[in-house]
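Consider the two complexes below, in which subunit A is the common component and subunit B and subunit C are the respective partners.
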Partner chain A sequence: MTMTMDVRPAALAPADVAARAQARFPEAVTVDAHGALVVDRAALIDVATALRDDFGLAYLNNLTCVDRPDRFDVVYHACSMAGGAPVAIKVAADKANPVVPSAVSVWAGANFQEREVYDMFGVRFAGHPNLRRILMWDGFAGYPLRKDWKEAYFEGAQKPFNSRWPDGAFFFGEEKLTEWKSNAKYPRGYTATGVEKARPDNTVMVLDAEDLKHAPDIGSERLIVNMGPQHPSTHGVFQMQLVLDGETVVDLQPVMGYMHRNHEKIGERNLWLANMPYTDRLDYIAQIGNEWGYALTVEKMMGIEVPDRAEHIRIILAELNRIQSHFWGVTFLLNDIGAFFTPMMYAIEEREIILDLLEMTTGSRLMCNYMRFGGVAYDLPEAFLPLANTLVYDRLPRAIDEMDSFLTGSEIVDTRMRGVGVLPAEQAIGYSASGPVLRGSGVPYDVRKAEPYGIYDRFDWDVVSYPEGDIYARYMVRLGEMRESLKIVQQALKQLPGGPIMGGKKAWQIRVPEGEAYGRVENPRGELGYYCVSDGKANPYRYHVRSPCFINLTALGEMTKGHKVADTVAILGSIDIVLGEVDR
Partner chain B sequence: MTSAIELVETVVKCAVVIGALLTGFAYATWFERKVIARMQLRVGPNQAGPAGLLLPAADGIKLFFKENILPAAVEKGVYFLAPVMSMTVAIMAFAIIPLADAVRVPWGDGWLRFQIADYNVALLYFLGVTSFAVYGIVLAGWASNNKYALIGGLRSSAQMISYELAMGLSLVGVAMIVGSLSLSEIVAWQKAHGWLVVLQPLGFVIYCVTAVAETNRAPFDMPEAEQELIAGYHIEYTGMRFALFFMAEYIAMITVCAVAATLFLGGYALPFGIEVPWYLDLAVLLAKIAAGMFVFVWIRATIPRLRYDQLMDFGWKVLLPLAILNLVLTALGIYAYENGLLG
Partner chain C sequence: MAFGMGVVRGMAITLRHFFDTYTVGQNKQPSAAGDVPARAEATVAGKIPAGMPTELGGIFTSQYPEQKLPVPERFRYIPFLLYEDDGQGERAAFDGIRCTACGICAKVCPPQCIWIVQGKGDDGRPRPVATEFFIDASICMSCGFCAEYCPFDAIKMDHDYEFSSYERHESWVFDIQELLHPVAYHAAIHPADYAREVEETRQKEAAKRQKEAAAAAKAAAAADSSGVDPEEAKRRKAEARQRMLEAKARKEAEGKAGEGGG
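Moving on to the complex of A and B:
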């Protein structure tokens, strides 16, 4: 089922929201120079609840933090499901004792993002249900995104800690072998077996032997299975801690960060333009979208216009990219429910040809480094148009129909996917799910329609949405989106104008004026957002990536509870994560 | 004197059949890789020898020389016993398959039968021995001290119990029609009256489905479901110990194909009473086994896995009632035929 989304503007424009919120909470809310609501810490929950219930900001796009010289700014972006730009909300926290009330009770999607802010900045969120490190390991000392954090051997002391253990008694053999020696320290009171005990604040998943005993009359026990990080179906180094009762999942905790390389810290050290190739490494199945999101954000801050031809090229490549990404996502989901690579092989056949197009245009199949602020790096080569036309008019529609006819009607696919991993619409919005996960729950929300960027508003296409909210709906959304993307590419290829491919002033060194911006694009896996803050220097003051894969995982535990072990894998597959983006 | 000759004869037969089974296993893996590759737009093995035909040998050498890792916390005795048990049971089941028509020879009782044991309750023997196969898996799962292996072993035992019943019942129809449990007599009956698949279509279908489940093959490969359990019960096995499980699985496939051919598809005999020399009998049986193996591989390449609870539902709620229905229909048919109600 395809639905055409209302393109009516948001019930309230961000400026209206700001004005009304200020009128309603005159003591607690002010508006800063960038149009963001600055909310008093103590009133945050009241203001947030009012914003959600009375001003329609039901969806929390993004939550992050900026380390200012005198304070921490926790920044929230929330938007209305009716469309329009998100409203920025800022809460200041003390440098000495940074505590902010947790917004999880208002927007459940704040859960992982608050943990990330705690992990990276040390800002604590009072009332958070499980405030633990999420990307760094439990024993890590320090908060790497703070401006005063010094990286060992690079900025800081050669040996930041004498020993991993506070009293210096215990060491790991491998520490002798690495050049880093003991570049990590466990906090006092931390024991290697500590995770097996419930902490006083009940923040750890309870792995206590007593709690695992269950149904004492038949003497059965619950089983903890750590799926991953080395596991064929976790799509990378991702771990799921499962508590099983027989084959049924009682509890699931996602554990991530095995591939964490602090993308944001590196981004803050890089020059503005040098981040462009680095965004390719986020969701490496959807390179072009990543670059587009970053380019869009910085263009907003610099106020550059992108020439028409460049906009067309961007849209053509991004939509082709979406098609190949969905080929990958759909057929890997089939793999996850137990198909032996056959659908995948057929999909990869098509994907390779799309990658050929990317290669002839950008010079690389995966790490494209193609967008620039104000346009694209190279014009389309001559061979592009004939091949692209054959693909979008002939080969790809057939391949999609073939997949549809072989997979969609299959009895086993049906029984494995229908009614499994159901995420109702309200929960999907609450958990800040995005992309096919949100649209598979019957919410026809697509950034390309809700806040059109590029030239999406010029083309005729529909938002695909299915109301069931199960794996099957997500699968059908992806199939439908491939067809809609083909429609967009066909129209864009037809209208492709001539002209320059770069706008703005030519400059060796890009200067981004002081300011901040949140830019977002609809990537194949959901809403990819970039929040950048510039202080007018050569590199970003703050560079934050709103990763759709990471935030979609917030709902994983809820979706999985009560299902079987085999469904866990299928549900994870239907979220379609890429670990490069989850862990950043 | 006679008994000594018979003993030598049996030993030679056993050696030949075991040798053939091991080679058959090796080439079954090659066949599977090649067929799946063609179904997936790939080429498949093509480096070791012509068309990759030496690949099984290379695999064998590799497995022989791999380190046999013994995990620290396993239950040693059972851990060693489990693969041996799986393999032994898989080979044993083949003993009852008649491979070709008997030929005249100048020793013994004058007949050389191409069958290790012409057992008069061969069908029961087959069911009994294949049931034993699950012990290897359950013990491996339990002894490995690994959660995935344990879940795999548990699934396997539940799956075997549910599918064993339907499988047994699907074979009863054959025994009722032929009036014998001996496989050579069943083949002889089919030579005279035509293939049993015509009289027992439902039984044949049920047997095929349960056979896939019994051999733990896709889409019923729950105990080793790669996507959830990684490798299931043999996750902690390496080298030749792992290879034994692998062999057991493929040999079990060969055996169930051979049993399907023997019980339902006329065994080594060609249809319509065409008589051929014994070596062509052998070729006919091999062709039927190969066709069965192809179906196994075809299913694996094309069908996703069922979920464990769906599998159990299917076994108890669909296959078992169908098998009982088949039994009742067969009995009614025989009654009608014997009383001349069919005209």
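Moving on to the complex of A and C:
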């Protein structure tokens, strides 16, 4: 079932929302120079509820924080499901005692994001149901994204470092920079068991045997099982803490951060341009989309135009990337339900060939580092077009059809997927789910249509959406999106114009004017957003990644409750997480 | 559709793939083990370039390390430095090494894995030559920025990806001697990039010649009208140009020293 978004009502423009909100809450709301609503702390919940219910901002895109010299700015981005740009909302928190009311009661999708802000900045959210660290470990001391926090082997707040040039003296960082050699500082009185005890009572995630409660109705014992981090179903190092009643899941808490490297701190040390290769390492199955999102955000701040040819190249590579990513996602899901590696191998054949195209164009199969602010790094090689045309007109359509008849309608696939892990549409919106998870719940929301970037508005294609909200719907969305992507690539290849591939001069020292921007792209796994703040210097002042995989996991617990253990594996597979992006 | 037919249809596809591995995959090995497959040369338009063969039904197994799949020209792995092996050209005085120690690669490097020491003359002034050049390949993320932003085409990305070692510290720090490769090597692995470079040099020289010719013609014209001997005017012009160049070189050297804060 395919729907287009044209039937939906038009959304309010961000400026209209700002004006109306200010009129309604004259004492609590002001509008700052960047068009963001600055909301008084005490009135946050009232304003947010009004924004959600009366101004249509039902979807919380992004929630993060900026460490200013005199305050913390907690920044929310919320948008309407009818399309249009998100509205930024800012709440200031004291430097000494940062407390902000929790928005979880308004947007359930704020849950993990508020925990991340607490983890990274130490801003507490009053009324949050489970305010614990999420990416760092429980005994960790300090808040890494604060400006005064220094990492292990800290050398300087900003790259480039003088020790490389002109000083030129080679040394191994871990030997010479001993001041921060071991950064594992424990808080006073820390004991490992103490951390477990200190967990709030309202979570069932208590690891002590004495706390295991008896379920009164059937008299069976509840059991806590740690699935992962070393478990093949978790697609990496990811842990699910399950509370089981027999074989039925009573509660589930995702535990993550095993691959956390503080991508955002690295990004704030780097030059603007030098972040580009790092974005490849987020969702390494969808590298082109990651680069595009970052390039888009910085281009927005700099106000540069991208030439037509570069836009076409971007769209061709990004959609080919989406096809290979969905091949990967669909067949890894099959792996999870027991079709061990046979469909996977058929999909990898196609993926290899798409990666060959990426390699010949960008120089690397996964870590492409291909986009630049204002265009792309190199033009398409001579051999690209014949190969790409063969692929999108001949080979890939056949491969997708084969995958379709191989899997769709198979009774085993049906039995495992239909009616499992249902996420109703309202919950999907509330939990800020995005990508195939959202569209599989019957919400035809796609950033490429809702807030078109690049030249997506020039092509004829449809948003794929299925109303069931189960694993099967997500699978069908991915399958349908591969076909839609093929349609886009075919049109883009046909229309590919000549001309330059870079707007403006190619430079490595980029001056980004003071300001801030939230840019987003529709990545295969959902809405990938970048929130950047510039203070006019050579490095970003704040660099935040809105990770679709991370936020889609917010709904995992809700989806799995009441299902069997074996189904949690399938449900996790249907979200299709990539840990490089979950943990950042 | 009767129950179970979906599974049967799927199994038929599996069966076809199974037979394909014997009929297509095994018969179409790229070439005998140890050879670089013939498709390495087939980079002209219309033919399939390096990589997996799309015209085949599946992917074949290449017998690595005896047999290696060729990599495309833009493939990049760990940078290397270039020197002119013929002893000709502007950089001949510095052993032909193209690097001028301007430091752009070290500054643009995202993980900061390049260390450069700039050479100094007898007078203590910096000279456009790198006396030391380290790349820590264990930190390098092979992004290719150094090669992309080098204004002198002095650093390029390599195609060699076999760097295994028994130790992960010292043997991964390459010094200038390990990094240096002749230009011929670069021309062999990057034919298109090298052609661009040659063409740019040719154009630059042509423009220079044209400018000189224009200047000479102008001088001649000026001499004609002012009555000064054309040869004399040419000599004066050359002297002035020499002075200008010297001043420029001094200024550049000072500027580089002053840029130290980077």
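FYI, the second predicted complex is superposed on the first by the 516 of 584 C-alpha atoms of A that agree within 3 Å, B and C clash if a C-alpha of one lies under 4 Å from a C-alpha of the other, contacts with A are read in each partner's own complex, and residues count from 1 in each chain.
By definition in this document, a residue touches a chain if its C-beta (ideal position, glycine included) is under 8 Å from a C-beta of that chain, and two chains touch if they have at least 3 such contacts.
Quantities reported herein were computed from a predicted structural model and do not represent experimental measurements.
A.B. asks: If you stack the two complexes on chain A, which partner ends up touching A:349: first (subunit B), second (subunit C), both, or neither?
C.D. replies: In the superposed model, A:349 contacts both subunit B and subunit C.
A.B. asks: Have a look at where A:383 lands relative to subunit B and subunit C in the superposition and call it first, second, both or neither.
C.D. replies: In the superposition, A:383 touches subunit C alone.
A.B. asks: Going by the contact rule set out at the top, does A:455 touch subunit B (first), subunit C (second), both, or neither?
C.D. replies: Neither: A:455 stays clear of subunit B and subunit C.
A.B. asks: What's your read, subunit B or subunit C touching more residues of subunit A?
C.D. replies: Of subunit B and subunit C, more residues of subunit A lie in contact with C.
A.B. asks: Looking at the overlay, does A:414 come into contact with subunit B only (first), subunit C only (second), both, or neither?
C.D. replies: A:414 contacts subunit C only, not subunit B.
A.B. asks: So, does A:223 touch the first partner subunit B, the second partner subunit C, both, or neither?
C.D. replies: first
A.B. asks: Where does A:31 make contact in the superposed view: on subunit B (first), on subunit C (second), on both, or on neither?
C.D. replies: neither
A.B. asks: Between subunit B (first) and subunit C (second), which, if any, makes contact with A:360: first, second, both or neither?
C.D. replies: A:360: touches subunit C, not subunit B.
A.B. asks: Which holds for A:567: it touches subunit B only (first), subunit C only (second), both, or neither?
C.D. replies: In the superposition, A:567 contacts subunit B only.
A.B. asks: Look at A:508 in the shared chain and tell me whether it touches subunit B only, subunit C only, both, or neither; answer first, second, both or neither.
C.D. replies: Second partner only.
A.B. asks: Just to be sure I follow: which residues of subunit A are touched by subunit B in one complex and then by subunit C in the other one?
C.D. replies: After superposing on chain A, subunit A residues 342, 346, 349, 410, 412-413 contact both subunit B and subunit C.
A.B. asks: Over in the complex, which subunit A residues touch subunit C? Could you list them?
C.D. replies: Residue list for subunit A touching subunit C: 159-166, 168-170, 172, 270-271, 273-278, 342, 346, 348-349, 352-353, 356, 359-364, 367, 369, 377-378, 381-383, 385-387, 390-391, 395, 402, 405-407, 409-414, 508.
A.B. asks: What part of subunit A is in contact with subunit B in the complex they form?
C.D. replies: Those in contact with subunit B are residues 223-225, 227, 231-233, 247, 334-342, 345-346, 349, 410, 412-413, 415-416, 564-569.
A.B. asks: If you look only at subunit B, which of its residues touch subunit A in the complex?
C.D. replies: Its residues touching subunit A are 36, 39-42, 147-148, 151, 155, 218-219, 221, 225-230, 300-310.
A.B. asks: Okay, in this complex, where on subunit C does subunit A touch?
C.D. replies: Contact set of subunit C toward subunit A: 1, 3-4, 6-7, 9-10, 13-14, 17, 43-52, 54, 58-59, 71-76, 103-104, 106-110, 112, 114-118, 132, 134, 136, 141-145, 148-149, 157, 169, 173, 192, 259-262.
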